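A single structure is presented below for examination.
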Amino acid sequence: MTQLSPNAGESRLERGKRALAEIDGEAGHKVVAALADIAPDFSRYIFEFPFGDIYSRPGLDLRSREIATIAALTALGNAAPQLKVHIEAGLNVGVTRDEITEVIMQMAVYAGFPAALNGLFAAKEVFGQRAAAAREEAA
Amino acid sequence: MTQLSPNAGESRLERGKRALAEIDGEAGHKVVAALADIAPDFSRYIFEFPFGDIYSRPGLDLRSREIATIAALTALGNAAPQLKVHIEAGLNVGVTRDEITEVIMQMAVYAGFPAALNGLFAAKEVFGQRAAAAREEAA
Amino acid sequence: MTQLSPNAGESRLERGKRALAEIDGEAGHKVVAALADIAPDFSRYIFEFPFGDIYSRPGLDLRSREIATIAALTALGNAAPQLKVHIEAGLNVGVTRDEITEVIMQMAVYAGFPAALNGLFAAKEVFGQRAAAAREEAA
Amino acid sequence: MTQLSPNAGESRLERGKRALAEIDGEAGHKVVAALADIAPDFSRYIFEFPFGDIYSRPGLDLRSREIATIAALTALGNAAPQLKVHIEAGLNVGVTRDEITEVIMQMAVYAGFPAALNGLFAAKEVFGQRAAAAREEAA
Amino acid sequence: MTQLSPNAGESRLERGKRALAEIDGEAGHKVVAALADIAPDFSRYIFEFPFGDIYSRPGLDLRSREIATIAALTALGNAAPQLKVHIEAGLNVGVTRDEITEVIMQMAVYAGFPAALNGLFAAKEVFGQRAAAAREEAA
Amino acid sequence: MTQLSPNAGESRLERGKRALAEIDGEAGHKVVAALADIAPDFSRYIFEFPFGDIYSRPGLDLRSREIATIAALTALGNAAPQLKVHIEAGLNVGVTRDEITEVIMQMAVYAGFPAALNGLFAAKEVFGQRAAAAREEAA
C-alpha cells in the first residue's frame, strides 16, 4: 500500500484508526492500552490528527511519509520508542531495510554521527525482532 | 534525475562536486565562496562526505534523500538557510511543491506546530523566488 | 477569561477559531493570511487541533496553558515568532508582564542562560510594542 | 504552599535547601548523595541558583513554576529523570494529576506527539509509584 | 590570562563582574543595558552564576572553558548572539582564530554540517568586525 | 599524546583507524562490531570523516578536541553512549577527571542543569568503571 484509499463518510477517528491499522496495527493497540489509565483522550488525538488528518492526505505516498518520519525522529534523537515504531511502519509500507538504513546514515550529515549511530542501533533492534518473529512463524 | 550515475575512477571530491552540481549547483558555489576566507577545507568536506559519500550511494534515490533532509531540517528547526537550500534541491530532483509542503506539514506531528510553520514559511520564500525568477526569464 | 466557555454543537473548527480569537485574534488572522497561498489546510489544522482540541479542554485554565507554552517555546529556543505570539496571548489571558518575565528567567535553569536571554529579548520586544500601541491609542 | 515564605537573614544556600525541601525533599537528598563523590559543589549550585535564587522569587507562585518546568522538560525531551522529579514536585505544590496530564498533552502542539507521549509515560510512572506508596502506608 | 586570579573577600557578584570584564567587558555592559528595563535581576544572575561561580573556578583554564562554550553553542545552534559573544571571548583569552575554526568545524561530527556551517558564518562575522576595528584604530 | 603524529602516504581510512586507536581503541572495535551486520560502510565513514579528517587536523590539540566534544554531547543531551566514549577518550588524551567534571558542570550555564546533571552521572559511571578495572588489574 502506498496510499490510503479514500472512504467517504468516515469520521477523522475512523479514518485515523484505519490509517494506523494499515501502517502498524500493533503500535496502535499498544498506545491505546498504554494511555488508557492516564490520558485516553490522547489516544484519540493520535488517531485523529497524525493519522486521520496528516497521513491520510492524498498529496504524498506513505512510503515517502515514513521516510520523512524516520529521518526526523533520527535527527531529533530523543524519541527512540517512536523511531522504532516508524521503522516497523516503514517496512510495512514498503520501504526496504536497506533504504531505512540509508535514510538513517544520511542523518549523520544533518544531526551528527551520534544521532545516526543511535538510529542505526534502533533499526538493528527492529530488524532483529522481525527476523526472530519470522523464524518463529516458519518453525 | 533520481539517482547519481556512477562514474568509475572519480575521486570523492570530484564525485561530491558532481553530485552537488546536479542537485543544486548554485548552492555549491555559494558555500565555497562563503567559506573561502574562513574555512576552505570545510567546503571540501561538504563535497566529500555529504555529497561524495552519502548522496552518491546507490541504495536510495535522490528524491527520497531530499524528502528525508527536508523533514529533518524542518524538525530540527535551527538551520533555516540549509532548509531553503534543500527545498530548492528537492524541486531540482523532482519533488513537487505539493509534496514538499506535505512533508513539512507532517513535521507538526513530530516536532510541533511552530517548527512546521517556520518550515512552511521557508518553503513559501523559496517557491516565491523561483516563481519570480521564472517570470523574469519569461519576460 | 481563564477558561473557554463551552458551546454545544460547535464544530472543532468553530471552537478553535473562537478559542484563538479569545486568546489572540490578531495572530489567528495573520497566520491564515500567511498560509493562504502555500498551505491553507494547515491554518485549519491550527484552529482544530491546538485550539479546538487542546486549549478548549476544561482541565486547565488558559493562564496556566500560556505559562506552559511560554516556558516550552523559550526552552526550545528555535521558534521566536511563535514565542512572541504566546507572550501576547499570555498578556491577553491575564498573565502579567512580571509573571511572564519570571517564567522566562526560570528557563535559564532548564535550558541554559542563552535560551532565557533570548526569551527575555522577545518579551522586551512584545512589551515595547504594546506600550507603543497603548500610547498611540491614548494620543 | 503556593509561595515560599520569606525568611530574612537566610543565605542563598539555606534558602535553596528550604525551597527544595518544601517542593521535593526526597529529590534534594538523592541529588546530594548522587553527586557526593563526583561534583559536590554542583549540589550546592543546585540549591543556590535554581532553588535559592529562582524558585524563591516572589513574582510567581510555585504552582505556576512547576507547570512551566514540566512543560519545558517535556518539550526538551532529553531529561526524563528530572521530568519525573518535577512531576512529583508539581503534585507536592498542588498541581493536580489531571492538570499535569493537560500540560504534558499540550506539548504535542509545541514539541510533537512523541515528546508528549514520552512525558505522559513519565507521569504514569510517577502517579503509579505514588499510588503504590499510598497503598503501602494505608496497609 | 588563562585563569582568573583569586581575590579573597570578594562577593560572587564582584567576582563575576571581574571575570566577565576580563573575558569580554563589552558584552557585560551590553547585557546589563539590554536587561535594565525588563529583568535587571537577570543581569545579576549572569554575573553571579556563570561568571562568579563557574568561570571563576580554579579547576579549568579559561581557554578550555571558552572552547567548551563555543563547541556547545555551535552544537545547540539556537543562540547565535551568545555564540558570537563567546567567539569574541575565546579570542580575548587566547584561543586563536584557527583554533576557534577547528572547534566549530568539529561540530559537524556531533551536531551536523548545518550547525557547523552556521557556526563558521558567526565566526566569520566576528573575525571581520575585529579586523575592521583594528584597521580603524590603526588609521 | 596531544596531537596525532603525521604519517605521509596514509589513506584517510588508515589515518582514521590510527587516530581512533590512539584516542580510544576499545570504542573503535566495538562500533565496527556493532555495525557489522547493519551498516558496515558507516564504520568506515566514522573512521574516515570524524577521525581521518577532523581529529587528525593539526590545528587543534586532542585535549581541546575532547573538551569540545564532551561539552557538545553534554549540551545536546541525547547521546549518552557517545558521551561516555568521549569521557573515556578525554581521559586517554590527558584531560583529567576534574577537568572533565568542570566542563560538564559548565554546561549548566548553556544547556541547563538537567543536561549537566545527566552528564555528571555519565562521567560518574565511566570513572567508576575505570577505577574498578584498575583495581582488578592491580589484584
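First chain written, first letter: the chains are A, B, C, D, E and F, and each begins at residue 1.
Everything that follows uses one rule, which is that a residue touches a chain if its C-beta (ideal position, glycine included) is under 8 Å from a C-beta of that chain, and two chains touch if they have at least 3 such contacts.
Bear in mind the structure is a predicted one, so any value in this text is a computation, not a measurement.
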Counting one step per pair of touching chains, how few steps separate subunit A from subunit C? 1
Contacts common to subunit B and subunit E (chain labels): A, C, D, F
Measuring between Cα centroids, which chain is at the maximum distance from subunit B? D
When the contact pairs of A-C are compared by residue number, which of C-F, B-E or B-F has over half in common? B-F
Name the chain whose C-alpha centroid is most distant from the C-alpha centroid of subunit C. F
Same-residue or different-residue interface between subunit B and subunit C, half as cut-off: different
Pick the pair with more C-beta contacts: A-D or A-B? A-B
Determine the centre-to-centre distance between subunit C and subunit E, using the mean Cα coordinates as centres, and give it in whole Å. 32
Whole-Å separation of chain centres (CA-atom averages), subunit B against subunit D: 42
Just the number, please: Cα centre separation of subunit E and subunit F in whole Å. 24
For subunit C, give me the residues that contact two or more of the other chains. 41, 45, 49-50, 57, 73, 75-76, 78-79, 82, 101, 105, 107-115
In their shared complex, subunit D is touched by residues of subunit A numbered 31, 34-35, 37-39, 41-42, 45-46, 49-50, 73, 76, 78-79, 81-82
State the interface residues of subunit C toward subunit E in the complex, per the touch definition above. 76-78, 101, 104-105, 108, 112-118, 120-121, 123-124, 127
Residues on subunit B engaged by subunit D in the complex (per definition of touch): 75, 108-115
Using the touch definition up top, name the residues of subunit F that touch subunit E in the complex. 49-50, 54-55, 57, 59-60, 64-65, 67-76, 79, 82, 98-99, 101-103, 105-111
Can you check the complex and tell me which residues of subunit A touch subunit C? 41, 45, 49, 53, 57
